[in-house]
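Right, I'll just put the structure down here and ask away after.
Per-chain numbering from 1; labels A, B and C assigned in written order.
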Amino acid sequence: MSPLRGVRNWLDQRLGWDDLIAPLRKKTVPLHKLSYWYFLGGITLFLFVIQVLTGILLLLYYRPGANEAFESVQYIMTQVQFGWLIRSIHSWSANLMIFTAFAHMFSVLFLKAYRKPRELTWVSGVILLFLVMGFGFSGYLLPWNTLAFFATKVGTEITGQVPGIGKPVMIFLRGGEEVTGATLTRFFGFHVAVLPGLATVLILLHLLLVQRLGMSIPPKLEVQWTANPSAKREMKFFPNFSLRELMAWYVALGVLGALAAVFPWNLGVKADPFVSAPAGIKPEWYFLFMFQTLKLIPPKVWFIDGEIVGVLAFGFVGLFWLLLPFFESGQPSHMKKWITGLSIFALAYIVSMSVYGYLAK
Amino acid sequence: MTADQLSESKPTRRRVIEWFLGGGLLASLASFIYPVLRYVVPPPVADLGGDEVVAAKLMELKPNSGKIFRFGNRPGLLIRTPSGEYRAMSATCTHLSCTVQYRDDLHEVWCACHNGKYDLSGRNISGPPPRPLEGFEVQVRGDEIFVRRRREA
Amino acid sequence: MAILRNKRGIFTVARYAGLASCIVLAACLGYGQAANSCLDCHSALPDALGVTQEKFSQDIHAQKGLTCTSCHGGDPTSDDPDKAMSRKAGWKGRIDRKQIPQLCGSCHSDPAYIRQFNPSLRTDQLDQYRTSVHGKRFAAGDTKAAVCTDCHSVHDLRAPSDPRSTVNPVNVANTCSRCHSDAEYMKGYSIPTDQFAKYSTSVHHQALAVRGDLSAPTCTTCHGNHGAAPPGVDKVQNVCSNCHAFQAQMYERSSHKKAFDAASLPGCVVCHSNHGISHPTDATLGTGPDALCMRCHTPGDKCDQARAGLQSSLSQLDASIKSADQILGVAESSGMEVSEARLGQDQARDSLTKARVTIHSFRTDLVDQDIQAGRRIAAKNLQSGKEAMVERNYRRAGLGISLIAIGIVLAGLRLYIKKIES
């Protein structure tokens, strides 16, 4: 008997292994022109795993605390063997993951995969997107350099603008009135404990739902294939699709390695709360579209402060985004055109505002 | 080729591919694991180097003398006053960033560039410097003199 | 009260109450203001006789409670011009230029009086003025020479610490140049009028007016303010040495001091000029158009040889610092962390600066000490830069290997997939 079969038998006798993985063996992936988009979720998950692994490695040397954070990152970059690689992979993978998370969300949006019965998958996904951006925001502060310090200051300041709960939330985030070492400690707690815990639970839920409900088929195709079942084309998930997915993951690894080696993440200058903010401070690219929007809103809209209008608007948009599936029709032949239009607008808005924000002084 | 030969070349071909793939996977995994293994071994210098440094040894400085030491990315000045006390401060002059020195004849910190003077607490007392020198904390532990930045509240 | 029962009575009461409150209000508004009838008319008069309330309110004397009559005499309470400007009331009229120093000095040289306003204000300005070129010429009858109001302005006189004051350090050079750069005005005096033009090109002007470094010198720093006079040929170097102590010390013990003193040449100024002091470059040690040494020394003599030696050592150190900088720059842009070497470069540059200062000793052995120290440091940094590049290449090689492994896996997967699907 081959060794692999021996292991499987051992597991089956103790865990009921064969029954556990039976659904996976049966799982299929619909094959059509847009099937490649199905990779995005897996890549995001893969990058998340990379983040967890490199994050744990960084934890071996990183010290949270205003007096030591910057120096410990510098230590990792200069003294620790391959520290530069681990840290640069962590930073690059973070950015790539946020990008693929957005891309995954948009592909689901355009392929209408959020429709009934997959509303909860969408909801858990949108919450995960928010968590991922929270990861980005909290992680960015941890090296405690000037750019990060002021980005955090501006970002939490904007949160404080929300009427009523804004100020308490800001104080909760900052660990005080101002951004200090207490903020760093708090963000560290969020970044390595709170957010990972929440994300893990949601990811498990998200994956469970995907396994239970199977892969969604684009509406037009669904109509065709329901009418003509013999036209349906599928691919087995295991081993065919997963091998292809493995290829995609290896490509991602190659890209990450190249980025980390050729463009290592820089240290910056240690944060000094008493210097004035550098001119033209901007948040990281994934917040640019919101930041630029806020900059374009006039100081007063009616009688309300412009910034408050902006923050509230984004709040409402976020809430709407979360509940989007409940506005959509359940019939694949009757997709709401306005939702498609809105999706295109959202994508165009985010892309153009990000570019604008990047180019603006 | 006969049918038998055909049915045999398939597994051989497949086995070649499997070996190729397996080899590649192993090589790639090795190229991932190797840096991680090196990473988890702590480097010889465990000191972070930025927040706290050993500025000098106990018997190194005589009273009424000073020493320049490296503190993070900038020079620092360690002074032993005539009464034997240790003081430490940034050695970057606040005027035009020259490196200051301790003058044992004046009992003051002096900048050679434009004749700026600071007292032993780093306060600017004469000449161009517009601000005092940032002071550091000194701690004597055993036979080593540690200097570190003043802790923020 | 009975009067209130009557409707008409109420109106009457209101009328008188209103009038009374207006009077009280006027009195309140007038309370605390020094009665000053002068400005009532003079704020409306044209330029020569005009002083607006707005202008005068900027004046520090007005802010301390003094008025027109404090200098001009007269009666400020009267609205009648004859009474206000009567000789009996002590009116002096327009102050004659010849009287100005005396008038200002009547308060400003009186310590007991000035103590009431600002105890730490000096009271020796008039005495100093009398020792100055301006004061001496003025006493000899030259009314073109500067008096107090020429520099300090009048009626809107501000404290020197006020950035808008004509005698604030940032503005002093402009104030002096009003006369000293005016060729017409300075006709008949045997001094040049290009000082301000030259000073405006200097490093000191750059520091003071452009960078805002208030420690940088302006006219009065070297010439004095109230006792303004040129330092004198043999004393210039004392003035420079107040800030440039190290260079002065070196020069003091050097061969050039003896030579220049014997030739009645001023220290510092011979090489560095007095007003148009520009940033010295190594080219001054050369033989080109900026050459300084060759203005006096003969080509080929031992001084010329020493000069050539100094120039070559300095440029060697400069070159080794630059080449270390260059390699560190490449390493840094490839992502290598070289902050320790960068700090070392600062030290090397410090050595170069020190070597350039030591030139003032005119001793090649002393300069060489600093040069050698600098070169050792720069060489160490160059080494660090080279090591950083080696590390960088090692990383790229490592990346290449892992990419090859990944490439093999990708190719293998492709083949495998094809195989199992055929």
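Basically, contacts are C-beta pairs under 8 Å (C-beta built on N, C-alpha and C of every residue); 3 or more make two chains touch, one makes a residue touch a chain.
Small disclaimer: the values here were computed from a predicted structure and weren't measured.
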- Query: Quick one: which pair of chains has the most contacts?
  - Reply: B-C
- Chain occupying the middle, per Cα centroid: B
- Note on the structure: Chain centres from averaged Cα atoms put chain B and chain C apart, in whole Å, by 38
- Mean-CA-position distance for chain C and chain A (Å): 54
- Contacts with two or more other chains, residues of chain C listed in rising order: 339, 398, 402, 406, 409, 413, 416
- Per-residue multi-chain contacts in chain A, two or more chains: 74, 85, 250, 253
- Do you know which chain B residues sit against two or more other chains? 28, 32, 35
- How about chain B: which of its residues touch chain A in the complex? 28, 32, 35-36, 38-43, 45, 48-51, 72, 149, 151-152
- Message: Could you list, by residue number, the parts of chain A that touch chain C in their complex?
- Response: 74, 77-78, 84-85, 88, 239-240, 243-244, 246-247, 250-251, 253-254, 257-258, 261-264, 266-267
- Query: What residues of chain C sit close enough to touch chain B in their complex?
  - Reply: 213-216, 242-246, 339-340, 342-343, 346-347, 350, 353-354, 357, 398, 401-402, 404-406, 408-409, 411-413, 415-416, 419
- State the interface residues of chain A toward chain B in the complex, per the touch definition above. 57, 60, 63, 66-68, 70-72, 74-75, 79-83, 85-86, 180-181, 250, 253, 270
- Touching residues (chain side chain B, partner chain C) in the complex: 13-14, 17-18, 20-25, 27-28, 30-32, 35, 70, 73-75, 95, 98-99, 112-115, 127-130
